[in-house]
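Dropping a structure here in structure tokens format, bear with me for questions.
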Amino acid sequence: MLIDSTYPKSFASDNHAGVHPDILDAIAAANHGDAPAYGDDSWTATFEGKIKEVFGPGAEGFAVLNGAGANMVGLALMLGRYDAIVCADSAHIATHEAGAAERLLGVKLMTVPTEHGKLHPDDIRARVGGIGNPHESQPTVVSISQATELGTCYSPDEIAALAEAAHSAGLRLHMDGARLANAAAYFDCDLKTITTDAGVDVFSFGGTKNGALAAEAVVVSDPSLTDAVPFLRRQSLQLASKMRFISAQLSALLTDDLWRRNAAHANQMAARLADGIADIAGVSLAQPVQSNAVFATLPPAVAKTLLRRYLFHHWDESAGVVRWMTAFDTAPEHVDDFLDDLRKAAASA
Amino acid sequence: MLIDSTYPKSFASDNHAGVHPDILDAIAAANHGDAPAYGDDSWTATFEGKIKEVFGPGAEGFAVLNGAGANMVGLALMLGRYDAIVCADSAHIATHEAGAAERLLGVKLMTVPTEHGKLHPDDIRARVGGIGNPHESQPTVVSISQATELGTCYSPDEIAALAEAAHSAGLRLHMDGARLANAAAYFDCDLKTITTDAGVDVFSFGGTKNGALAAEAVVVSDPSLTDAVPFLRRQSLQLASKMRFISAQLSALLTDDLWRRNAAHANQMAARLADGIADIAGVSLAQPVQSNAVFATLPPAVAKTLLRRYLFHHWDESAGVVRWMTAFDTAPEHVDDFLDDLRKAAASA
Amino acid sequence: MLIDSTYPKSFASDNHAGVHPDILDAIAAANHGDAPAYGDDSWTATFEGKIKEVFGPGAEGFAVLNGAGANMVGLALMLGRYDAIVCADSAHIATHEAGAAERLLGVKLMTVPTEHGKLHPDDIRARVGGIGNPHESQPTVVSISQATELGTCYSPDEIAALAEAAHSAGLRLHMDGARLANAAAYFDCDLKTITTDAGVDVFSFGGTKNGALAAEAVVVSDPSLTDAVPFLRRQSLQLASKMRFISAQLSALLTDDLWRRNAAHANQMAARLADGIADIAGVSLAQPVQSNAVFATLPPAVAKTLLRRYLFHHWDESAGVVRWMTAFDTAPEHVDDFLDDLRKAAASA
Amino acid sequence: MLIDSTYPKSFASDNHAGVHPDILDAIAAANHGDAPAYGDDSWTATFEGKIKEVFGPGAEGFAVLNGAGANMVGLALMLGRYDAIVCADSAHIATHEAGAAERLLGVKLMTVPTEHGKLHPDDIRARVGGIGNPHESQPTVVSISQATELGTCYSPDEIAALAEAAHSAGLRLHMDGARLANAAAYFDCDLKTITTDAGVDVFSFGGTKNGALAAEAVVVSDPSLTDAVPFLRRQSLQLASKMRFISAQLSALLTDDLWRRNAAHANQMAARLADGIADIAGVSLAQPVQSNAVFATLPPAVAKTLLRRYLFHHWDESAGVVRWMTAFDTAPEHVDDFLDDLRKAAASA
């Protein structure tokens, strides 16, 4: 379906947005002559350098094709044949990657019920009792999402506490950073403050939801893990032959803080939307709004009316919870028009 | 490494080339407003329609991110837990996909020594003796590459004979069509003449080596197999969220026969190169030249001299065989300059 | 550790018991001359016939080596590459098979919190919402344990209701019957009443916990699934070369209702133990006692005292719950001695 | 099929034989009271001690259920996600384990054509060229069979040379020792001379083909690999709950050199058979006879006549090669009767 010019802005996903013009320009600029395939090119070298600038000299970045791919490659680095991942039961790897963790990695997901999608250090400590018991999958990695699937963000201190709990129990800490930029924008901090500096061992840095065409990075903080990445990336079907076009997208995001500008704008639009519903009777926030997602509870009839005109998803239909996402290109007028329509629908419900 | 304007055209791989301008334009044109993610958009609908136009109304196309991904998704459709694939021992799935077939599919590759990279119907018949024996992996799929890894092409009749041999033994026929366009250009035939019409059950249609940025299609001829594709594509990390940009590339290739123009040109450049070496003493063709690859035997010292200036790969260093690839953007002067340098190197060796 | 004659009977597991004399005799009797390997022998034919007698003419039995193996072979018959199993969160396949389901089958376990370890038809209906969504693992099999890991049993009606709920949603029903005999003994019914007659598609019939040395059967009610068993059994490392000795154990269990006599006795010993604690202050049942397991809540100090003399396991140490198992060879005096010691420990706590 | 007293001794497989009386006695003797499950018993401690006695103090033994299981557990210790095993194309893991290596381990088998089923150090050196190339499976383990599938044996020097070639290229050496006893009997050497002393890192010690009911050992020479065994054994469905009965079989074999007596006898019977055919026209040895297998070439009509009365297998029907196996309980008269019938069949062909 083409959402043409008469169709309002989608609130269904940051994936419904297109490509930021600077990133499209970067792709076009990379289309210059020949370049070695599979990453042995100068655009990829530039990207790798920018990763070190942003995440610290000990970090190594590897460009991949999508978010699930970034998760599978990153997690595979740390998991053996009889291992388990401790994660929130709402984690993307647990719910929306079609069982890739189980089939491609062959490991168990120890899913944890959470408030607002966030793991707590006690959740880790409660799941390590079976370590050493050959009848049980061995928890080896803790995986968190930043921002979470419920739009909340882990603070630097919260991440450091999780890293401490994981490491002291012999586990590593992984972060699904599909919306890492939104979290850094929320805390107005550097990317490394909530990743390498906080003790995350392996994480992804998402580009696609933040204005790229298709580009994510796997970032590895622990040098003992990097040798395996090229093999796992190739085997996991995440190696682009014309790599320069993936690297160029990521470099564009990492140039002049485009990542932050895009994410901060999307966050502001979500905040504007959240603010706007405060005075609408029958509509309330279902989760704290800390990134570019607004989870709201509203009457079924109101949701139904809105869905005639707007694209968005039910999150928990029985509880009347919907999810509204904003993107780098959501305009204030998009939000205001949406709020107008929401007010009307709520009034007539 | 940037191969800058002072560096000659690469003969190492068709992946060293950039993106054809029409395809880059198609990507830019798709960057218009919002669109549903994961393929529920109008560009993808257009692509799906073009697949039916080109391969017949019974064919269904699914866009994926790279060639190994297209192979794994396509093969997974036809393979169970204790199955085997019969393929040439030079097959890309057997040699250069980092063991993805074994790990992601969990199946055995029954590799066949071949002349010029091509399977023969007798190769199939010779490998079905273990069918029904629970101690042996069960051959279920025959996989061929078109063009082969050695640059040769299966004729329509050869494919039909392989399909007949496979089907009559209860196996299905898969084609790795990373360079399918080059084969159709070589035979000056329709794409469907060497795929659906010839009895191929599942195949890939490669875009990336023929001028795309990163886009391949899995095409399924057998309607009983299509339902599983969306699940396997997602799980195999081959689903793009902003799918329109992948679909748009494939549609551009399938518009006004861009695929054929690109491939035919690359083939002609390979033929020009092959013709040019005919009179160079000490240099000879190691394989028939039927697509955009030239395999040549030459003295080690000559190869060494050329490699100081040009990018290309040794294929079998002990036998003195090298591979030279041409691309959609290889110019006649590139070939002629290369031949001049080759002549000089051969003369002084 | 040899639990020698001065050591009291173990209450830790029915696996601590040895082999029933009739079964050891059957093994010795099978040691007569040569026999074809891998199941092509007369003892295996006898076993296969007995399976049909007991479970109905449509059932096919396949002997395997252990309970986890029986589960993995049976489940593999019904699961594709992106599927999920709905099961209790206490299920053996979820907790104590070292992640075999995830690694060997590559599927997701959709675990359900339960009361007394038993799934309810509503649990199935609540987990099929994602069917058709390519981002989610597809629930394909419901797996229940009979008796459950908490010692409770599904009645024939309960199983039929689960089968109806599963089948009407397009799922199949699997039963981990490691203690199927104990459940049939509890209901004083035929084995087929709680398996094939109730709509179970594939199940295991456990021998090892009921007096065998090492022998379990995979029983398949759905004829469309049987062809795959020999391949999956071989590949899953569950095929004995000298199969006659496995088949002979199962035939012995199925002769003159030895399975029922052993299981009923073990159940009676558990009931005797449960009855005995009724009047001990501070000790109470944590689960209904319906098979050969007694889950009891007791003060930590009492458990500690008892563990100095007896083998048994903490089940939930923080809740003060322990598990006591009886076996075919637990004698009334074993139970009475244990109760005496328990009474003394409770009195002095 | 019961091969009753009127049926002659089988020459089809050493698996057609029953259980040696001493081993059956050991099983019966272990059926004494209770014992902890899963290997925490005194019989298993005895077995573990005997492994150290026989293979050296650095060796650790783990009892498993069958030969394919021993191979998969042992190999899994040394293999990561993108690795390959170098082995003979006749290797049992490559041909007769139903693709378990590919599915359970997820690795590539780099199969090598051989003379007499034996790898040569040059075969290793020829297959390590792709090490470090992320497009290729990484050879990590060399696996040899002792005795080979063609009945030949590696001498201590040959094994040491393979270990040296493997180790110097960064690979480990695995041995499928399903018939390790036969090889040690052939060379009249200690078991450790052809395993730990020769540099084998992980190997199996087969019991089942040498008179056990169902018992094999995985033996690990490299202490850095042992921690993973209990987890992999459990997950690979190779852990017996009533372990004492498996351990007791292996201990019986390792007591008073029963393993050697059984194997040496079987070897002698094969030698007697090989000697006997020397003067039969039209019948010749197809492989050197070094263990308990005789591979012979004979006219199809002769094979057909013999197969009316005897059980044995065609090995390569088109080449007229059959395989005759002897066992611990093959008597000289069995061989002589067989030779008589062979002579008659050959004479009348």
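So that you can tell them apart, the chains are marked A, B, C and D in the order they are listed, and the count of residues begins at 1 in each.
FYI, a residue touches a chain if its C-beta (ideal position, glycine included) is under 8 Å from a C-beta of that chain, and two chains touch if they have at least 3 such contacts.
These numbers come from a predicted model, not from an experiment.
Asks: Hey, which one of B-C, C-D or A-C is the same interface as B-D, over half the contact pairs lining up?
Replies: Repeated interface of B-D: A-C.
Asks: Suppose you list every residue number at the chain A-chain D interface; are over half of them used by both chains (same) or under half (different)?
Replies: Both copies touch with mostly the same residues.
Asks: Go ahead and note the Å separation of the Cα centroids belonging to chain A and chain B.
Replies: Chain centres of chain A and chain B, defined by C-alpha means, are spaced 33 Å apart.
Asks: How far is the middle of chain A from the middle of chain D, if each middle is the mean of its Cα atoms, in Å?
Replies: The separation of the two C-alpha centroids amounts to 51 Å.
Asks: At what distance in angstrom does the C-alpha mean of chain C lie from that of chain A?
Replies: Taking the average C-alpha coordinate of chain A and of chain C, the gap between them is 42 Å.
Asks: I need the residues of chain C touching at least two other chains; which ones are they?
Replies: Residues 38, 81-82, 97-99, 103, 106, 134-135, 231, 234-235, 239 of chain C touch two or more partner chains.
Asks: Once bound in the complex, which stretches of chain D touch chain B?
Replies: The contact residues of chain D facing chain B are 81-84, 95-99, 102-103, 106-109, 134-137.
Asks: Would you pull the chain B residues touching chain A in the complex into a rising list?
Replies: Residues of chain B touching chain A: 1-5, 7, 9-10, 12-13, 15-19, 24, 27-28, 30-38, 40-43, 45, 65-69, 72, 97-100, 103-104, 208-209, 213-214, 231, 234-242, 245-246, 311.
Asks: Of all residues in chain C, which touch chain B in the complex?
Replies: 38, 76, 80-82, 106, 134-135, 138, 228, 230-235, 239
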